[in-house]
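So the structure is just underneath, and the comments pick up after that.
Which chain is which? They are A, B, C and D, in the order written, and residues in each are numbered from 1.
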Amino acid sequence: MKEVETKMLERAKELLESGEVARVVGWKKGEFCYDPSPATFESVEELKDFTYDWFCGANLSKYLIQISKKEGKTAVFLKPCDTYSFNQLVKEHRIKRENIHVIAVECRGKFDIEKIKAKGISFVTGAQLDGTQVKVSTLYGEETLEKSDVVLTKCATCNKDYQVQDEAIILHERTKKDVDRFAEVAKLEAMTEEERFAFWREQLSKCIRCNACRNVCPACSCVKCVFDNPASEISAKVNSDKFEEQLFHIIRAFHVAGRCTDCGECSRVCPQHIPLHLLNRKFIKDIDNFYGEYQAGETAEGKTPLTSYTEGDTEPNDVFKGEAK
Amino acid sequence: MKKIAKAKLNELYAKISESMGLFLPIKRAGEVNYAVWGEGKEVSLETLKTVKSPKNAFFPDSENLMKFKTEGKNIEIIDVRKDYKEEKPFVLFGVKACDYKAIEVLDRVFLADPVDSYYQARREATTIVTLACSKPEESCFCKVFGIDATAPCGDVTTWLDENYLYWQANTEKGEALTALVADLLEEGGEESVATQQEATKAILEKLPFSALDLSRFKPENLNDLFNDPAWEEMSEACLGCGTCTFVCPTCQCFDIRDFKTSEGVLRYRCWDSCMYSDFTLMAHGNSRTTQMQRFRQRFMHKLVYYPSQNDGLYSCVGCGRCVNKCPQHLNIVKVIKTLGGKNDD
Amino acid sequence: MQEVTENKEFTPNIVAFCCNWCSYAGADLAGSSRMTYPANVKIIRVPCSCRVNPTFILKAYQQGADGVIICGCHPGDCHYVTGNYYTRRRIALLFSMLNYMGIEKERTRLEWVSAAEGQKFSAVMNDFVKTITELGENKRLTDLRVKEGE
Amino acid sequence: MQRIGVFICWCGSNIAATVDVKRVAETIKSEPGVVFAENYQYMCSENGQQLIKQAIREHNLTGIVVGACSPRMHEVTFRKAAEEAGLNPYMVEIANIREHCSWIHKDMEEATEKAVILVRTAIAKVKLNAPLTAGESPVTKRALVIGGGIAGIQAALDIAEAGFKVDIVEKNATIGGRMAQLDKTFPTLDCSACILTPKMVDCAQHENIDILSYSEVEDVKGFVGNFHVKIRRKARYVDETKCTGCKLCMEKCPSKKGLNEFNMNLNTRTAIHIPFAQAIPNVAVIDSTQCLKFKTGKCGICQKFCEVGAIDFTQQDTFVERQYGAIVVATGFKPIALDNFNEFGYADNKDVITSLELERLMNAAGPTNGVLLRPSDGQHPHVVTFIQCVGSRDTSGCGKPYCSKICCMYTAKHAMMIREKYPDTEVHVFYIDVRTPGKNYDEFHRRAVEQYGVDYIKGMVGKVYNENGKLMVQGANLIDNEQVTIESDLVVLATAIEPEPSVRKVATLLTASIDTNNFLTESHAKLRPVESPTAGVYLAGVCQGPKDIPETVSQASACAAKVIGLLVKDKLKTNPCVAMPDEMMCNGCSQCANVCAYGAITYLDKEFRIGGGKTEIRRVASVNPAVCQGCGACTVTCPSGAMDLKGFSSKQIMSEVDAICKK
């Protein structure tokens, strides 16, 4: 990872120095080894805080909505999953493509500090990939964990490839994972109605309506969200009733249906670890089943499944056929 | 000092629950938050940081204020406050030192004139049992605010080790609660507590944020701090979500809203976040139009505005929840480090 | 025994969204042909079934509806050419999601009813009311604040 | 402050018998915002409307709710009344307490309760109504007639006579349609061609009529008064302006094996051909699937012999784009395919024919020059059996559920003509019912039975099979209650008719509604029988429902009257209930434009103030109110809720939901 970071830094310097770009969007170091923040670098001087490591999980695409409006070109480092969001935003005319220079960067999955801490490991000072394992160094010594236990949920099933790039910094090829990203959805589908209701009731009851899932979501890029708009009659700041938990999450998932690229940021940022990606993935799975496979963000053109149709589409009353019971 | 074997804690909870409400850290769907105890609930006292702080025991996420009942062309106003006048006594159990300190911050807001009767009713009906920390982690920085994590106050202070919960009543309310559960308690434990405190203090000393410099956060520096160019950079990744606010034990902002029901309107108040784009939205528009301004407001309030009105008491208690939970890893520590140490002289 | 009596007393409240050109006209035809269906079905006229936002459906449940039915022109017969094709996709996904979240799948229904199908309209409504009556009160998607007053 | 007036109609006893109208009005009086509530026997009557107008003026009403029949019935009436009293017509809502209440409920208590809820729902909506103003759009003074059969010809002639330009688009090489194929017409038995061809010639010669034969409508945009239509002129490989119709090419063409569609494929024609002698335009067309020049590249004989040089093998389809104010659909019909009716042996026996084939066999210009000969051996048939209702009134799913309406009459006609020309021929007719209402129609049928001795057998045919060269028709005689088998030489199937299949495409292009049988839907079965619900589109002939020639002609003339009524106007009012984006909330994501069937949504970059004295440029949607039809597809696609529909706003619909759910 260090070599990748070095290359990225070199390239960022070059681009800024030559004036090819006015700014570079990447990540900057935090207080620990595991809390980098998305950041804009406008000078070589600012790049001293630049970092790219195993904890740079954040999706940078959404920031480009505002940044691409600025004068001058912006270079951005995008991981595979980020490129889908980027494309989707270009498709929706939210990012000015001509103002962005996309540098595809290597990603072999990002680590989730909360998962590491959940293993009882604290005072983490670093983490390195070692084959299928992760060596976590702490103030008290080194711990070895399985990579699959440590990566962000969104990375566990990710087989995404770069959908857009003006150049690339990739030193290690990553291997395709033999995983079914819909396995968890299928597991829920196989439950009884009562079990599913209980599952979601438990999960959604944790929701504190912090809106982190929405605000981080590249598909939730509305100028004003319906949930913030009193005129929509469904706005709310807090889930005053359990119904509002359901309403918020159903409508949010519905609004991004066909546009969600499955970047998994919603689940990453949820302070209560609600598996929100399972809502979006359900829609993706259904869309694949009913209307043919579709991956949002694969291109920056074309209609989404909900803005197109065929004459012989599945009837709503038939969606339950063949359902496990 | 008294103690109770860990194995008997459930009996303790059951005993308290017989006559009082019991609110303590409970694990539900994988996350630990304060909730009402019941048979079969998974209590997790060991959890250092509940996701939400215990502040919602006094200042719930949402509470009803009044109803407007319409019938034909008449509107009847129903005051639902009386429901709270006779608040059932309850015990808030397992509160950490930082969270306990946070209640003091809230008290200064809600119990100052005009007194918030909703808050007051619940506050008075509560016996607070605190729990000393034994395993602080790297995001903790309560020490910076003069909090001793090993000896929290409260009506009762407790310590937990592998075998026992140690119990010491500090107040009348605490004594009363002790009397209620006296049958379950046995004497002793001073030594174990002292040993634990010593060990914990050693960790606290070494915590990475234990020596944050707050010296610049004084009322006289208000303008300089407000106009500091660093805000722009510090806030640039902010999503404008309410995570920091809603997990914060001291955030006390609320909104009052109306909800249409089948028979009229229900007026309720609910948590609000200064990070939200419609915070401070007024008829003329919004006085804070950028996320930087909102971000600055939150930290200026915690570190400058609040202390300047409350005898220098910061409205941050160093619990570190925002450090852990901010989706983009922005937090008050970064603000303190960036601005706190810079003395103008 | 108690339960049986209670069930009989339960009269569900049902919201029907009907498109102006086919289903609303179909309901009119059911009326002019005197084809009865229970009074607990109340119709909201929308220009096209594609005007029905999933929010409206959830809102109906929040406000205490026990069943929601959406009626539109048969696919291919939409007055607005393609409107009901979009309805079909949106509603299919919504139904699937509600079911996934454990909301009774029988509670929400979509039917294509043409202007000439008064009989179908009446039959569909009779059947839907029967289904909802058997299913019982909507408890999973309701807002307690709305029901509080009862 | 809202001042709502509520008017509850009794509709005589239609509503009042099941809904306690007085109680509804009384209950509603206490609704917030309601300042006036009254009930009256007939709100739609002059007096009822007067009552409404007076209340609006006296009570200064800001909105009214009429609890009455379906808004599809009298919404316009009440809007006009409101407007006359100075209230915006869109401040009117109708609570449908007749079709949706009094007519379907029997219990007075229950119906009254529901009526109150329906009225409350309408009040909830009207409180959120906004005054709307209809825009104006100009009218293009030209009509398009799709289909050049008798319906299209009649409509075109009538419109042209009134002084407006008309284009007839006909997909075949000639106009004339099905009527041109008929031999005689009932009930007068006059020659079909003799009465049709003069009208065809009139069309060709009329200065206001432009015939676009061998052409199809490719695309339709726009709306009433302003349709923009793209027409494909299929390559006929003969220059229409040069061809004189001399038919020399037809004599010389070596490819003579093409099936003659005009004669129902009963004989053949050359690759280059004029469909029939009186074709209009009298211009040849080359069947490129048959022509040797196209198939092998060798030949081109016609080109050599054509004295005017009209043959052009390189011709391509061309497109004509024109503006029209009104469109008449007259796409006609075809007999259904008989694939589902193997029991009649149509596919296996040459001598089992359809009625339309018989028309050609009886016609002097037909394949047998008008002599009735069996297709199999060219012999005179001595026993002819007709089978009625082949595929009509069929609820089994094999045929059509409706009555094709014309078969009883034309079968009687055929039977009579055969008995007249060949008195030695035995004629049997199997029928389920004989339906011959109409002036001189039943007399016509009786003549067949009484004067011409046609043997009518009530009963269905189970099977037709070939036994030693004879067609055995096995059926039931319900009157004598016995099974009969009739040894026949020729069997004629009165085949059901269905709309010409291309009507589906036309309907889609025009956004005209169509029913499950592919018949275009009229706006109102009784009161607006020639108008499609799509404004500016009119229906003539069988495309709207089965009908005979006299009816078709009347309907065509009715269409023409409607079209003329439209075209004389200089401006039309547009529907103000259209989509409208809130630019402050629009993301410019283009999803709404993706679902708009009318192309009504475009985007523009606009500058917005974002506070702090700053501005930013955002891409926002913009709706052309003249093009938007108000379906609302965009409103649901819009995630931010920026797009809303006037007259059916999200707030209005949600307030209706609330009102219905309110306990």
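The rule we apply is simple: a contact is a pair of C-beta atoms (placed from the backbone, for glycine too) under 8 Å apart; a residue touches a chain by one contact, two chains touch by 3 or more.
Nothing here was measured: the structure is a model prediction, and the numbers come from that model.
Asks: Hey, which pair has more contacts between C-betas, B-D or C-D?
Replies: Between B-D and C-D, the larger count of C-beta pairs in contact belongs to C-D.
Asks: If I average the Cα coordinates per chain and compare with the overall Cα mean, which chain comes out closest?
Replies: Per-chain C-alpha centroids compared to the overall one single out C.
Asks: Specify the chain most distant from chain A by Cα centroid.
Replies: D
Asks: So the centre of each chain is just the mean of its C-alpha atoms; given that, what is the distance between chain B and chain D in Å?
Replies: 71
Asks: Centroid of chain A to centroid of chain B, CA atoms only: how many Å?
Replies: Distance between chain centres, rounded to whole Å: 30 Å.
Asks: Nearest whole angstrom, what separates the Cα centre of chain B from the Cα centre of chain C?
Replies: Chain B and chain C have C-alpha centres separated by 45 Å.
Asks: Going by the touch rule set out above, which residues of chain D reach two or more other chains?
Replies: Only 595, 637, 650, 654, 658, 661-663 qualify.
Asks: Which chain B residues sit where two or more other chains touch them?
Replies: 259, 262-263
Asks: Could you say which residues in chain C touch two or more other chains, in rising order?
Replies: 54-55, 59, 63-64, 76, 82, 86, 90, 145-146, 149-150 - these are the residues of chain C that touch more than one other chain.
Asks: Enumerate the contact residues on chain B facing chain C in the complex.
Replies: Touch list, chain B to chain C: 69, 259, 261-264, 266.
Asks: In the complex formed with chain B, which residues of chain D make contact?
Replies: On the chain D side, the touching residues are 30-32, 610-612, 658, 661-663.
Asks: In their complex, what parts of chain C are in touch with chain A?
Replies: Going by the criterion above, the answer is residues 54-55, 58-59, 61-62, 75-76, 82, 85-86, 88-105, 109-111, 140-145.
Asks: Any idea which chain A residues touch chain D in the complex?
Replies: Within the complex, chain A contacts chain D at residues 69, 91-94, 220-226, 229, 231-233, 255-256, 303-304, 306-308.
Asks: Write out the stretch or stretches of chain D touching chain A in their complex.
Replies: 584-591, 594-595, 603, 616-619, 637, 639-642, 650-651, 654
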